[in-house]
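First chain A sits with chain B, and in the next complex the same chain sits with chain C.
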Partner chain A sequence: MTEIVLPILLPFALIILLVFIRKVNYAKWIGIIGSALIAIVAIYIFINTLNNGVLVLYVGGWKAPYGITLVVDMLSGIMLVVTSFLVLSISIYAYHFIKNNKQFSRFFLFFFALIMGVNGTFVTGDIFNFYVWLEVIMLSSFVLITMGSEKKQLEGGIKYMALNLIASLFFLAGIGLLYGKTGTLNMAHLAKILTNDQQSLFMNTSAMLFFIALGIKAAIFPLFFWLPASYHTANITVTSLFAGILTKVGVYAFIRLFTLFFVQDAYFWHNLLLISAGFTMVIGGMAASIQYDVRRILSYHIISQIGYMIMGLGIYTPLAIAGAIFFTVHNMIAKTNTFLVSGIMNKLKGTFDLKSMGSLLKEQPLLAVLFIIPAFALAGIPPLSGFFAKFILIKSGIEDGHYVIIAIAVLTSLLTLYSMIKIWSEAFLKKQPDDITIPNSKPIRFTVFIPSIMLALGSVLLGVFAASFFDLTMEAARQLMEPSEYINAVLGADVK
Partner chain B sequence: MNSVILQIASKYLRILFLMFAIIALLRGHNQPGGGFIGGLLAALYIVFNTLAFTSKQIKDRLKVSPEAYMGVGLLCVLLSFLPSVLSGAPLMQGVWVSYSISDFEVIKLGTPLLFDLGVFIAVMGVTLMFLFTLSTHK
Partner chain C sequence: MEILLVALIGLLYAGGVYLILRRSLLKFIIGIIFLSNATNLLVFISAGIVHGKPAFVTGGDADPSSMADPLPQALVLTAIVIGFGIVIFTLALKSKFYSVTDKDDSDEIKETDI
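Coming up: the complex of A and B.
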C-alpha cells in the first residue's frame, strides 16, 4: 500500500524537476503532464480504496500510534480524485492565462507545492502532520497570490497571510491541548481515547480552538473576511485554483474531525455548526448580490456555498454527510468553472467590471453556454449536479426536522440565482456600453475553452450519474459515521 | 537603513548566526532543533543583512538563487528516501552507516541527517524567496 504516499511524493518530485528545468516551454508541459500523472495516481488510489476498504501506510516503519500514519478512506479518495481533476484543468488553463513568461516556472513550482499540501491534508492520519500540510498550503498560496508583485496583490496577500497565521496559532494550540490530555497525535488513536473518555471538558476547549482555526480556513461566518480581501487580487488562474480547493480543505477537515473524534456534546456542536452555516449562507449570498466585479461576486458566493457543506455536517445524519460530500464535490467543479469563465470574459473585454461588459452572448455563444452550465449547477437547476446536491441536503434536513436552516438554504438558492442572473444579464445579454473602449483583443483560440469544457462536462456528468455517485458518497458517509472501520484499520485491534 | 555600524557588525555576526544554525541542525535528532529551525536561523542571517544593506545588494551578492537552494534541499530530501526504498524497508525508514575513527569514537551517519540537511537548505531557500518577494515590488 505504498502507493498512497504518491499523491504527496509526485508533486514533490515535480517541484524538484521544475527548480532545475527553468525553460518556459518545458515548464508548461511539465505542469500539464505532471497534473495528468497526479490524476492517474488519484484515480488508482480511489479504485483501490473502493475495492479494499481503508488503506493505511506507516511511514518509516513506525507502527501507529507512534509514527506518522497515512490513511485513505472513501472521503479522502473522493477528494483526491476531484482535486486532481481540477488541477489538471487549471494546469491547462494556466497555459493561456499566465502572461509573463518569467512567472511560469515559478507558478508551477508553487502550484505543485500547493497540490502537495492539499493532497497531504487528505491522506494524513496524524493531526500534527495535518497542521504541517496546512502550513505548506498557506506558504505556497501566499507566493501564488503575490506572484505579480503588484501593490494590491501584496496587500491582499498580507491580509490572507495574517488571518491564516492566526488560524494556524489556534490550530496548534488545539493540538497542544489534545496532546497534553491524551498523549497521542494519531487521529484514530485520538478517536479511540476520546470516545471512551467521558470527560469532555478538555475535549471541548480544543474543539473550540479547532472550530475557530478551521472556520478561518473554510471561511465560515464570522471568520471569512480574509477571502474577499485577497481572492480578487491574484491572477485569475490562481484565484480559480484557490476557489476550488483552498476553502474545501477546511471543509474536509471539519467533516473529518467532527465525525472522527469531536463527537461528544453533539447537541452543542451541531447547533453551533448549523447557526454559523445559516449565517454563512445568507451573508455570503447577500454580499455577493451587491457586487459589480465578477470576481468579487464569485468570491462572496464561495462563502455562501460553504454554508451548505457545514449545514450537512451540522445535521449529522448519514444522508446529510453524504449530501455535504456531494455538495462539496459539485461545488469544487462548478465554482472553479465560473472563475475560469470570468477569466475568459476578462481576456475578451479587458475588465472584470460588469458595468463595462456586454454583448457576450452574441459574440461568444460557446462562452455563454460554458457560463450557464456551472451557473445553473450552482443555482441548483436540474439536471445539473447542484440540484441533486441540494436535494439530498434538504431531504436530510427535513427528515431530521431542521426546518429553519432548510428554509434559509432554499432562500439562499434564490440569492445564488440572482447573482448568476446578474452576471448573465450584465455581461452576456446587455448591449456593450458605447462609451467603453475595449483594448484591442486578439481573437481567442479554441484551446482556451478546453479546461472550462472539461469542468462543464464534469458538472453535467455528475448530474446524469447522480445516483451512482450518491452511492459512493453514502459509502463515504457510512465510513465516517461508524469510525470503527477507520480506527481498526489504523490501529489494529490490540491498541488501547 | 544605512548604518555603518550595522554593516560591519553583520560581517562578524555571520559566524555566530551560521554556527547556531548548524548546532540547531545537528542536535535536532534527539533534542529540540532540527533542519527547519536551523534553516530559519541561517536565513535570519540574510534577513539581518538586508536590514544593514538593501535587498538588491544582497540579492546580487548571493551566488545561488533562492530557487536553487530550494531545489537542492528538496533533492536531498528525496535522496534520503532512496536507501529505505531500495533496501525494501518501509518508506522513510532510517538507514544508518557507522564509521569508526578509533576504538572509542564512532561516527554514525544516517538518512535522517540527510533529510534534515535537505529541510535546512530548502527552508533557507523558501525564506529567502519570501524575503525578496516582499522587499521588491514594482
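Coming up: the complex of A and C.
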C-alpha cells in the first residue's frame, strides 16, 4: 500500500524538477503532464480503496499511534480524484492564461506545492501532520495570490495572509490542548480515546479552537471576510484554483474531525454548525447579488455554497453526510468552471465589470453554453449535478426535522439563480454598450475552451450518473459515521 | 515553573492581541510573532514540564512516567521553523507593499473591500 504516499511525492518531485526549468513554456508542458500523472495516481488509489477498504501506510515503519500514519478511506479517495481532475483542467487553462514573463516564471512550482499540501491534508491520519500540510498550502497560496505584484494583489494578499495566519495559530493551539488532554496525535487513536470520553466540556475548548481555525479556512459565516477581499485580485488561474480547492480543504477537515473524534456534546456542535451554515448561505447569497464584478459575484457565491456543505454536517445523518460530500464534489467542479469562463470573458472583453460587457451570446455561443451548464448546476436545475446534491441534502433535512434550515437552503437557491441570471443577462444577452471600447484582442483559439468543456462534462456526467455516484458517497458517509472500520484499519485491534 | 510559563503565555497572548488590533501593518506582524510564540509555548507545556530528565534510554528498563515527553518538543521545533518562514514572507510582502503603495495604515487599504 505504499502507493498512497504518491499523491504527495509526485508533486514534490515535480517541484524539484521545476526548480531547474527557467522557461515558462517548458514549465507549462511539465505542468500539464505532471497533473495528468497525479490524476492517474489518484484514480488508481481510489480504485484500490474501492476494492480493499481503508488503506493505511505507516511512514518510516513506525507503527500507529507512534509514527505518522497516512490513511485513505472513501472520502479521501473521492477528494483526491476530484482535486486531481480540477488540477488537470486548471493546468491546461494556465497554458493560455499565465503570461510568459518573468513574474510568472515560478507559477507551476508553487502550483504543485499547493497541490502537495492539499493532497497531504487528504491522506494524512495525524493531526499535527495535518497542520503542517495546512501550512504548506498557506505559504504557497500566499505566493500565488500576490504573483504579479500589482497594487491590488498585494493589498488582497495582505488581507488573505492576516486572517489565515490567525487561523493557523488557532489550529496549533487546538492541537496543543488536544495533546495535553489525550497524549496522542494520531487521529484514529484520538477517536478511540474520545468516543468513550464523557468529559465533553473538557474537550469543547479544543474543539472550539479547531472550529474557529477551520471556520476561517472554510470561510463560514462570521469568519469569511478575507475571501471576498482577496480572491478577486489574483490572476484568474489562481482564483479558479483557490475557488475550487482551498475552502473545500476546510470543509473536508470539518467533515473529518467532527465525525471522527469531536463527537461529544453533539447537540451543541450540530446546532452551532447549522446556525453558522444558515447565516453563511444567506449572507453569501445576498452579498453576491449586489455586486457587478463577475469575480466578486462568484467569490461571494463560494461562501454561500459552503453553507450547504456545513449544513449537511450539521444535520448529521448518513444521508446528510453523503449529501454534503456530493455537494462538495459538485461544487468544486461547477464553481471552478464558472471562474474559468469568467477568465475567458475577460480575455474577450478586457474587463470583469458586467456593466461594460455584452453581446457575448451572439459572439461566442460556445462560451454561452459553457457558462450556462455550471450556472444551472449551481442553481440546482435538473438533470445537472447540483439538483441531486441539493435534493439529497433537503431530503435528509426533512427526514430529520430541520425545517428552518431547509427553508433557508431552498430560498438561497433562488438567490443563486438570481445572481447567475444577472451574469447571463448582463454579459450574454444585453447588447454591448456603445460607449465602451474593447481593447482589440486576438481571436481566441478553441484550445482555450478545453478545460471548461472538461469540467462542464463533469457536471453533466455527475448529474446523469447521480445514482452510482450517490452510492459511493453513501459508502463514504457510512465509513465516517461508523469510524470503527477506520480505527481498526489504523490501529489494529490491540491498541487501547 | 509551569505557573510562570502559563502567566507568560497569557501575557504574550494579551500583547499579541493588542498589537494585531493596531492600525500599523508592521505592528500587526509583530503581534503575529507574539501570538505564534505564545502558541508555541502552549504546545510546549501541554505535556507538563519535567526537570532534568531527558528521554534518553541507555539500555535496560526505563520508567517513562518520570521522563520528559519529547513529542511536544519536536512539535514546537517544527512550529518554530514554520513560524520563521511565515514571518519572513510576511515581512517581505509588507516591504513590497510599502514600496509600491507607500502605505502602512490598515485604515487606508480598503480598495479591495466591497
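The rule is simple: the second predicted complex is superposed on the first by the 492 of 496 C-alpha atoms of A that agree within 3 Å, B and C clash if a C-alpha of one lies under 4 Å from a C-alpha of the other, contacts with A are read in each partner's own complex, and residues count from 1 in each chain.
Heads up, the rule we're going with is that a residue touches a chain if its C-beta (ideal position, glycine included) is under 8 Å from a C-beta of that chain, and two chains touch if they have at least 3 such contacts.
Since we're looking at a predicted model, the values are computed, not measured.
Using the contact criterion defined above for the overlaid structures, shared-chain residue A:Met286 touches neither chain B nor chain C, since it reaches no partner.
Shared-chain residue A:Glu155: touches chain C; no touch with chain B.
When the two complexes are overlaid on their common chain A, residue A:Val369 makes contact with neither chain B nor chain C.
When the two complexes are overlaid on their common chain A, residue A:Ile444 makes contact with neither chain B nor chain C.
Look at A:Ile381: by the touch rule set out above, it reaches neither chain B nor chain C. Shared-chain residue A:Thr146: touches chain B and chain C both. Set against each other, chain B and chain C differ in how many residues of chain A they touch, and the higher count belongs to C. When the shared chain is aligned, chain B comes close enough to touch A:Val19, but chain C does not. Of the two partner chains placed by superposition, only chain B is touched by A:Thr2; chain C is not. In the superposition on chain A, chain A positions 139, 142-143, 146, 149, 151, 154 are in contact with chain B in one complex as well as with chain C in the other. Every residue of chain C that touches chain A in the complex is listed here, in rising order: 20, 25, 28, 32, 35-36, 39-40, 42-43, 45-47, 71-72, 75, 78-79, 82, 85-86, 89-90, 93-94, 96-97, 100-101, 109, 111-114. For chain A in complex with chain B, the residues that touch the partner chain are 2, 5, 9, 12-13, 15-16, 19-20, 57-61, 106, 109, 139, 142-143, 146, 149-151, 154. Within the complex formed with chain A, the chain B residues making contact are 67-68, 70-71, 74-75, 77-78, 81, 84, 89-94, 126, 129-130, 133-134, 136-138. Remark: chain A residues 128, 132, 135, 138-139, 142-143, 146, 149, 151-152, 154-159, 161-162, 165-166, 169, 172-173, 175-177, 179-180, 183, 185, 228-230, 232-233, 287, 291 touch chain C in the complex.
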